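Labels A, B, C and D are assigned to the chains in the order they are written; within every chain, residues are numbered from 1.
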């Protein structure tokens, strides 16, 4: 029999819940290796963690290497671990070739002094290291400045898959989309409970909202949530704000009367006139302060101190003076607002929801609401137990949510 | 210059509203003819009808013939009209070759004694004639019995396009689908008004409902409409009734708890057990009378004397004893229930809604509700001003409708 | 410490692949029990099976019972197993209360003489037993005749989850839908390979086809597959056959010219005239034999001896004489055609695909093609590794498949 | 009888085809006015234009005013017309209150010297006037500089509805979306004909493409069209270019192997590594020139001199150095590329297609391809006869188009 190459892998944490163990077994067999479970201690209580020591063998070193590399991505680590390797950034905005590309899962890196958690965890970034300070953090491309040490390769990097919570059944059950054909009453009740808990603990709630919130007449419910203190951060685009102002000034959204649902004369112009008014005033805040804007979501958000980031897009009319038109700046402003956010409600906007989702660590809970099942599937698919997707009318969702929150 | 062939066409009724006149002009030019408007009297008040006499010419008889034939389909008739031609049915269930194929628009035929309206107007039928009684009526294939006189060709057939009502703005405006991004509050209010008017005039309201009505937890609102007397006819399939009984017996629909939205143990079996119970009892009515069925849409419908037709399909489990499994019989029963219906609410079921839509004359108003825009577009496209389509959650629609009706 | 109740469960087979083991651990913890893995032998080669003996404990007998009952559904069995319990059918078409409701997974029952596989496995049925012959088989409701012994409860019933094949990567990888945004070329190539293998081994291939196959102009490619011997069974409804005949007689489908894509004069009547012709001829076969039907999918299927089942629905016009209008009869005919089928192509028809899917054992591979992702998700979700769903144009799929098969 | 107020309106052009006349009649009746057709000359040949003089009356001046104002929007003008009124821009980027808001239809303004066509026609702009030069042109907000004269009110503005072409049947017939259930072969053939005609006349063809073009493996067909000279302008975002480079460098798109359709190891990182390489090189052109980028759509476009505008968005990773991240600048660059474009192919991208659609005059033909019918409906709805929407797989569309073009 041929010589075999072996490595001892360790899995720790909620290795059953998180599917770490079966996925690892699967992986080994897929790649033609073999394994021997040397120790398996499974936690029997909710607070227990489990441990598995598993010897992996393969008939050549390359295969074993491949297995170990991919096992790491599942959260395994080797019994003996070496520190991360780094290279300095050479040119501004460019990572070193071979940089470690991050996921949104909690990650640690081994420095000389031991394991250090990576700060500002975000997917599709690189990891910068300050050895002196024993710190590590995610950097998007624009933060790659010459001289900064950046992790290369997989050595000394450990990710921790999220376990499935047994308390918050609603999030754990709803691993993927909630189809249009499911009852949503209790689900919305659970989301409201989660929001109350977060606020009681001074956590932040982020709303990402598309213009359909205004078109469907749901603006009043979002305003209510803001007034009740359930929104700390609002991400949106030009369209939400424009149609919200249009609704406040003219009672229409894209020329459709919000009360009657009927199109009105020259209504299509209203959004242009709304934009012009805000441009003339200088800003939404100026509209509020001069008494020109007396209602709507944007007014509520301004009056109640919500942190607002309006990120532009190439399809914008105007835009409003409040809209950030430089995309790097818009991302920076969104990233600054993310820390402390524990729940994100993503309401009928694919563009801004994807942008936001990319910036959120995996342990931020997300609720995605859209009438298009394809959008919900795309957004709710974050590879974690933390996402709920609802295929429904955004007006219906917000109305029910506001009612439950207020009850 | 070549000789030209001419015919004098007459348009009467709401020829501007119904787009009859511009469509005719368009048609003539498309086919290479020419026209001369000899008289155009346009009604200036709502109750006025208009009249247009228009001479059509073409350079050959065949083209002129073609123009005239197609102009008839638009509602034009020739200044002098000849009686319909008929042929007798030769074999059972088979129309004579060349039969006139009906639309869902009001149609008249010229018999020797003058114009006679066609009864039981329905699309995709033939027209049977009883000359002695001076009557004409639509027949589906299975009513074609040997000896019956059936109209062949287009001569002596006149259809009347529907005008766009100026009173009922909501139906006239909503010529096609209402997208998910429109406010629906007032629209639902208008539908409620229409329902009240119809009931005040003893008209009948038909509900066609799919199982999503139960799955989404909207069964209670449909029951409420039934109890309040706003449903005279209910068309559905096996699934609606099965899941309704399952909900009443076990609190689940397809194994999902209707209160919590959570899947439950062995829940998937519940629908099988529900079916078995009804089969053991003999019928839904027997379940109600023996006190085994104490809630749900089917119970409400039975108790309040709603005319129920449950039409089966090849995907049915069971089915319930109440389900009609022979499709010809199911169509017959549905046709018998249609007369007197003035409004049809089609709720989250494509199969039964299309079957129903095919049987309804064009002047029956239809409201189609589905979360899938493709379904709404398909159902609402009836070629008339009488259809409203709403892209929304059926639970949200029925909840709002029941609230408004009850208010 | 309180007394604990214990049971010894055994898992055998591909318990890692099939997720049996982690799901069981999960289940026990969810229900508040505890477990102890007493033995775990994991097969290291593809042909090896694994074995796990696991002791489950709970603090009360009811919980333990619940755990054991649900563990069975996952494929576990108890170390010592008792024979099934049965009760006789009392009334025709009614199972005994408490009947065991089947899944589509391979199932065995323990009779006095040992384990017996259940024949004609199908979901949502009961299991009939002939103790004398030591046989067990699935029965739909209509086969429940008085006196027949039917399994009640879960005792003595064992289901075997399917393992994920490592050879047929394409089916194992594509556990769920293939989105519109994925390349499909190689996938279609793999499906073609599978079709060749099945035919080389004299397995049967089933096509379930909706009218969109004809509307999109893909009929010619389906005909080609039939002519090449790759279709043994065809399930469809009235519409496919009607539009196929319409296309053959008039070159249109629902009045749209299949070459030009343009609507044609009086085209909508064509499907009515096509129906009338077939009704006059007596059957599709008669149309073929008398030379009236010289092309199309139905002709190909008749000429090449494909087993055809046309199951009607309540929305059918006509229908054609060949359409089975009694739904119990239609289901019987479909069930008779299923044995021997190893692959089912479900093409743009939700109604007939669901009906078919309900009848297929879990080990029949299914390929679901539809342009609507919601339909694909619904159809491909069979809880097994055997399903592929493609979100694409059916014309594009069939064209490519026919090209690859022919190459 | 009360005194009535009257105005004489004139309609000229293809007033039947363009539905101008019936819409005007409808409008007058809707607003409670009355009309009298004083002259109606209908062109009988394709090249003839028609003329209608129609007296409109209302019982008060305000109603008459309203009618006249809205009639203008339909293309009517008054028998005697007065010059436009203008006001100067007061603040940069702000139009004068009451500005005339443009549509995408051909528009003229009356200056002292007569009617002047508006240049750079685009919807949702204002009209700037240079009286000295007798010129008028559309300006977006950012071109509103203090002192510029801008049209206010409707007086002296005339729009010309597009007529429905009788030659280009395919565009005129396909007024709205082409459903997934229609044959598309001939339609694609007609689009190819149109492309050949445009190129023969040195017109420009614009392609707006989303990343699905690369994901589905259709990049090679788009490259082929570019190489054959059928693409002069390419609008896209960061994602198309990134995945195109990823495909060229690694054979994957978002980590899915484009040949096999299978996900590959660490594939998700590939797009990050692709971005990093281009950032290191400095630009896509540098990648091409240094031989690092040897295939793909972007390479084809660069090598063949296509005018490329890559407009960023807030969801971009990276982005590539070639992507314009300031949205005002991106719009400017897109606007500069539009003149001379006669056909726009919009392929699987909603964001960039809407941005582009907003900038195109109504007479530019657009073909919108997406697998999501809701996207196609939204994009194809340009209120003109110039739009075709196809619900289909973009790979299938481009493959067929490239084949036909090359044949």
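Criterion: a residue touches a chain if its C-beta (ideal position, glycine included) is under 8 Å from a C-beta of that chain, and two chains touch if they have at least 3 such contacts.
What you are looking at is a predicted structure, and each value in this text was computed from that prediction instead of being measured.
Which chain has its C-alpha centroid farthest away from the centroid of chain A?
B
So, what's the distance in Å between the C-alpha centres of chain C and chain A?
38
Using mean CA coordinates as chain centres, what's the gap between chain A and chain B in Å?
Roughly 46 Å separates the two chain centres.
How many Å are there between the centre of chain A and the centre of chain D, using C-alpha atoms for each centre?
Averaging C-alpha atoms per chain gives centres 34 Å apart.
Could you check chain A for residues that touch two or more other chains and list them?
372, 374
Are the chains arranged, by touching, as a line, ring, star, complete graph, or other?
Looks like everything touches everything, fully connected.
In their shared complex, at which residues does chain D touch chain C?
169-170, 173, 178, 180-187, 211-212, 215-217, 253, 256, 258-263, 371-372, 391-393, 395-396
Per the contact definition, I'd like the list of chain B residues that touch chain D in the complex.
Within the complex, chain B touches chain D at residues 16-17, 19, 21-22, 25-26, 29-30, 34-35, 37, 40, 42, 44, 46, 166, 373-374, 377.
For chain D, which residues count as touching chain A in their complex?
Going through chain D, the ones touching chain A are 66, 70, 73, 91, 93-95, 97, 99, 101, 124, 141, 265-266, 268-269, 272-273, 275-276, 279-280, 311-319, 325-328, 330-331, 334, 351-352, 354-355, 358, 372, 374.
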